[in-house]
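Consider the two complexes below, in which chain A is the common component and chain B and chain C are the respective partners.
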Partner chain A sequence: MEQSGTSALLQGAVQDLSSDVVSALRGGDHVRVAGTGAVDGLAGGLAVAAVRVLGADLLLPHILSRTPAAPEALTVFRQTVEAFPPRADAAPIVVWSHWAMSRTLRRLDAPQAGSPAGDEGAEPEAGWLDEATWPFLTHQLAVLAPLAVPGEDCAVARVARSRPVDLARGFVRAVRRRDWQQAAGAGRWLTLLDGVPDTLGLETGLDFVELMGGSDPRVALQVEAARAMRWTGAFV
Partner chain B sequence: MTDTRLIHTVGVRALEWLWAHRDGFRLEPDVDPDVGFLERFKPVGELALICRVLFREGVAGSRQADLARRLVDHTWRHTLDGGRMLVRGQRVEPLSPIPFEVYLPYKELGYSEPDVERATVLYHRLNSWAALELDPTRRLGMSAFQRRFGLTPRPPEADLVGATWLARTPEPWTVSGHIAYDLTHTVFHLTDWGERPDGLPPDIADYLTMWLPVWIDDWLDLKRWDLLGELLVVDACLPRPTLDERAWEGFAAAQQPDGAMPAVRTMPEGEPDEVFDTVYHPTLVAAFASVLATSRALTQLAHAPS
Partner chain C sequence: MPSTDKAIEELTGIQSVDIEAALDPAEPDGVYRDSRECAALALLSADTKLLLSPPTPRPKKG
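Entry: the complex of A and B
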């Protein structure tokens, strides 16, 4: 019971953070990181865990708008990166998710000497996607949607760039299966890619995903990110 | 690529079941007029259409071809009473397209009933027949059948394609079961049931090449065997069929030991006639998909570098 209670609390915290990010993406405000003022104790632990789940997207509005993040948001973010280094045997998506957070920290926290920001760090490898079927590829890329950022290259983004048709098929599959979060994540990647089939109807597709699944702030976040990035531009 | 023997065996077993259950192809001459005498003609017409595909493709084994010939003969002689039931159908409901649609494949297989032909030629002259408010895919099929009959299609097929769902190549994530059946039949009519794959306009072929794998993956996982079978037919109508291994293995595994193909998930229970009415269509579709895919697999083999 306690575990499921904690899990529900964490889910709620992730949803709240996602809502904050959606608001910032829509309004151009700072990410406020509501409810994470206290970063010590139980509440702080919960906040850090929630930030870990949300990953680099917590500070996406500042990456896209090239504006500084609020200090308290940056503090929680940095603590999360430091608190959860991936284990040696971690799954690729865990390693990449952490790498994405470190990269965001480097972009926004560069002056902080001695922090992970100063460590350019070796990029993980993306070999696990080499033979990925299009459904698996789409699932993995949707989980790693925080890596879909204009102007930012990495091995995972290069895989995505090389397989726009497979990712488009995965988007259709996810919508058909009403997996709105996967569809939204895939749609965000597709927004940045060349070679997406015109017949996909990506823009209306993302609007449909928002209509059907947008009451979940994590879905809304991906749709809003895609919208914001459509204005910002594709990969360099 | 999928093992051709697996694909072929699905069709052999389907024919065995259809032959064993041939009495299920039955009309109800004394049916309540409100229900309609013509309601039970559809299975008969579909059987003849698919047996004709089987003869045309020439990849059936001797046992399979023999069963198909006997099934066509049985339904013409017994179910349709040598074509007289089609005449009766045209008398009951003169402008219904159903007797004509059922008659056409029998005519192509060498059967003849002059009264059906006379009525068809007359109806073809009627503006009313050309103006029937059929859905766009059915209307396209009517014109295609008129051409195959030897008549000038009214309206011409080229004028009808654009009104179908598929011709507009819409957002692929909106496809539901109903839309999927519409698009499979559009492909059937455009290609004369797989005879002319080049009857698919290039933009439609490209569209299907792009999105069909998603729909096949989806309806395979949903165990909707009837629709999956139709989608596998569409695959075999494409310029480069995938003959998807996972889909064919799942489809073959769903088939019962006696050759019946359930429509959805597993076999239904009930009275034999009820079971027949539920599974005859997916079993016919299995035979259809099997013969076309086998034919395409052999074509690929013939063109493969040695």
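Entry: the complex of A and C
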């Protein structure tokens, strides 16, 4: 599908941010959040929009390692949460993505009255997944991979927990379709779930996804996240 | 529209619809593996039959 110039620009910025997160996941360093030092420049504005698209995964290294994020990164993250509230008629994925960012902010930022970090943030509904076919379920969960975090519960995670075999089928389908981003996102969820068939060969499958699709930092991010979670031995 | 959002839009031309489209992407069309990739997969999964089994044959209708 051909992208507009704006979309391509935005996706490029998301890839740059993803690379920063991958580096942090591999090296245990702070997320640098390059280009987000200010929102009053072209690069800064673009990067803040990219932060909204990348979502909660921007600070995933700090969630997994239980280390504080750099103040600058946290400031940009908070500004993004405040600047891009979901519209009333936004798609469930957009609403959940924003909720995931707010949850991350609550975990890493000291609560402030009136700020998203201080709000409890009512959990959105996950009813749109109730009757989801396994391909659709896998696609939606892969897009919402930032919600796949050890020790964090939510309605979407409960849906994933209830359908590990469907998600495993979706992982295989995504690999067969060469949809590496979907495969990586599904693989990240599967890493956290009980009841995944041993015959899936998840670890080897993720290696393959990285081999074939890892040049895309968004794919590499999901694979690295899955590995980091596997190493910690944590479950949803 | 929040001021930050407006500033971003003015500076970059990125509108909310672009961001929402990126957040809620449609599933891309599938592109299936070629034999070279199958060989790479076979090397990676020597001990298993990961992903190499063809789809289960289904009876034809009619």
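The working rule: the second predicted complex is superposed on the first by the 226 of 236 C-alpha atoms of A that agree within 3 Å, B and C clash if a C-alpha of one lies under 4 Å from a C-alpha of the other, contacts with A are read in each partner's own complex, and residues count from 1 in each chain.
Heads up, the rule we're going with is that a residue touches a chain if its C-beta (ideal position, glycine included) is under 8 Å from a C-beta of that chain, and two chains touch if they have at least 3 such contacts.
Everything numeric in this text was worked out from a predicted model, so none of it was measured.
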Partner chain in contact with A:Arg177 - chain B first, chain C second, else both or neither: both
Comparing the two partners chain B and chain C, which touches a greater set of residues in chain A: C
Partner chain in contact with A:Val53 - chain B first, chain C second, else both or neither: second
Contacts of A:Arg169 with chain B and chain C, given as first, second, both or neither: first
First, second, both or neither for A:Pro197, with chain B first and chain C second: first
Partner chain in contact with A:Gly12 - chain B first, chain C second, else both or neither: neither
Chain B versus chain C as contact partner of A:Gly127, first or second or both or neither: neither
First (chain B), second (chain C), both or neither touched by A:Gly205: both
Partner chain in contact with A:Pro68 - chain B first, chain C second, else both or neither: neither
On chain A, the residue positions that both chain B and chain C contact, one per complex: 135, 172, 175-177, 199-201, 204-205, 208
Footprint of chain B on chain A - complex, ascending: 134-135, 165, 168-169, 171-173, 175-177, 197, 199-201, 204-205, 208
Touching residues on chain B, where the partner in the complex is chain A: 169-173, 175, 207, 210-211, 213-214, 217-218
Chain C-facing residues of chain A, complex: 1, 4, 6-7, 9-11, 14, 39-42, 45-46, 48-49, 52-53, 55, 79, 82-85, 87, 90-91, 93-94, 97, 135, 139, 143, 172, 175-179, 182, 199-201, 204-205, 207-208, 211-212
In the complex with chain A, residue positions of chain C that touch it: 2, 4-5, 7-8, 11-16, 18-25, 27-28, 30-33, 37, 40-41, 44-45, 48-51
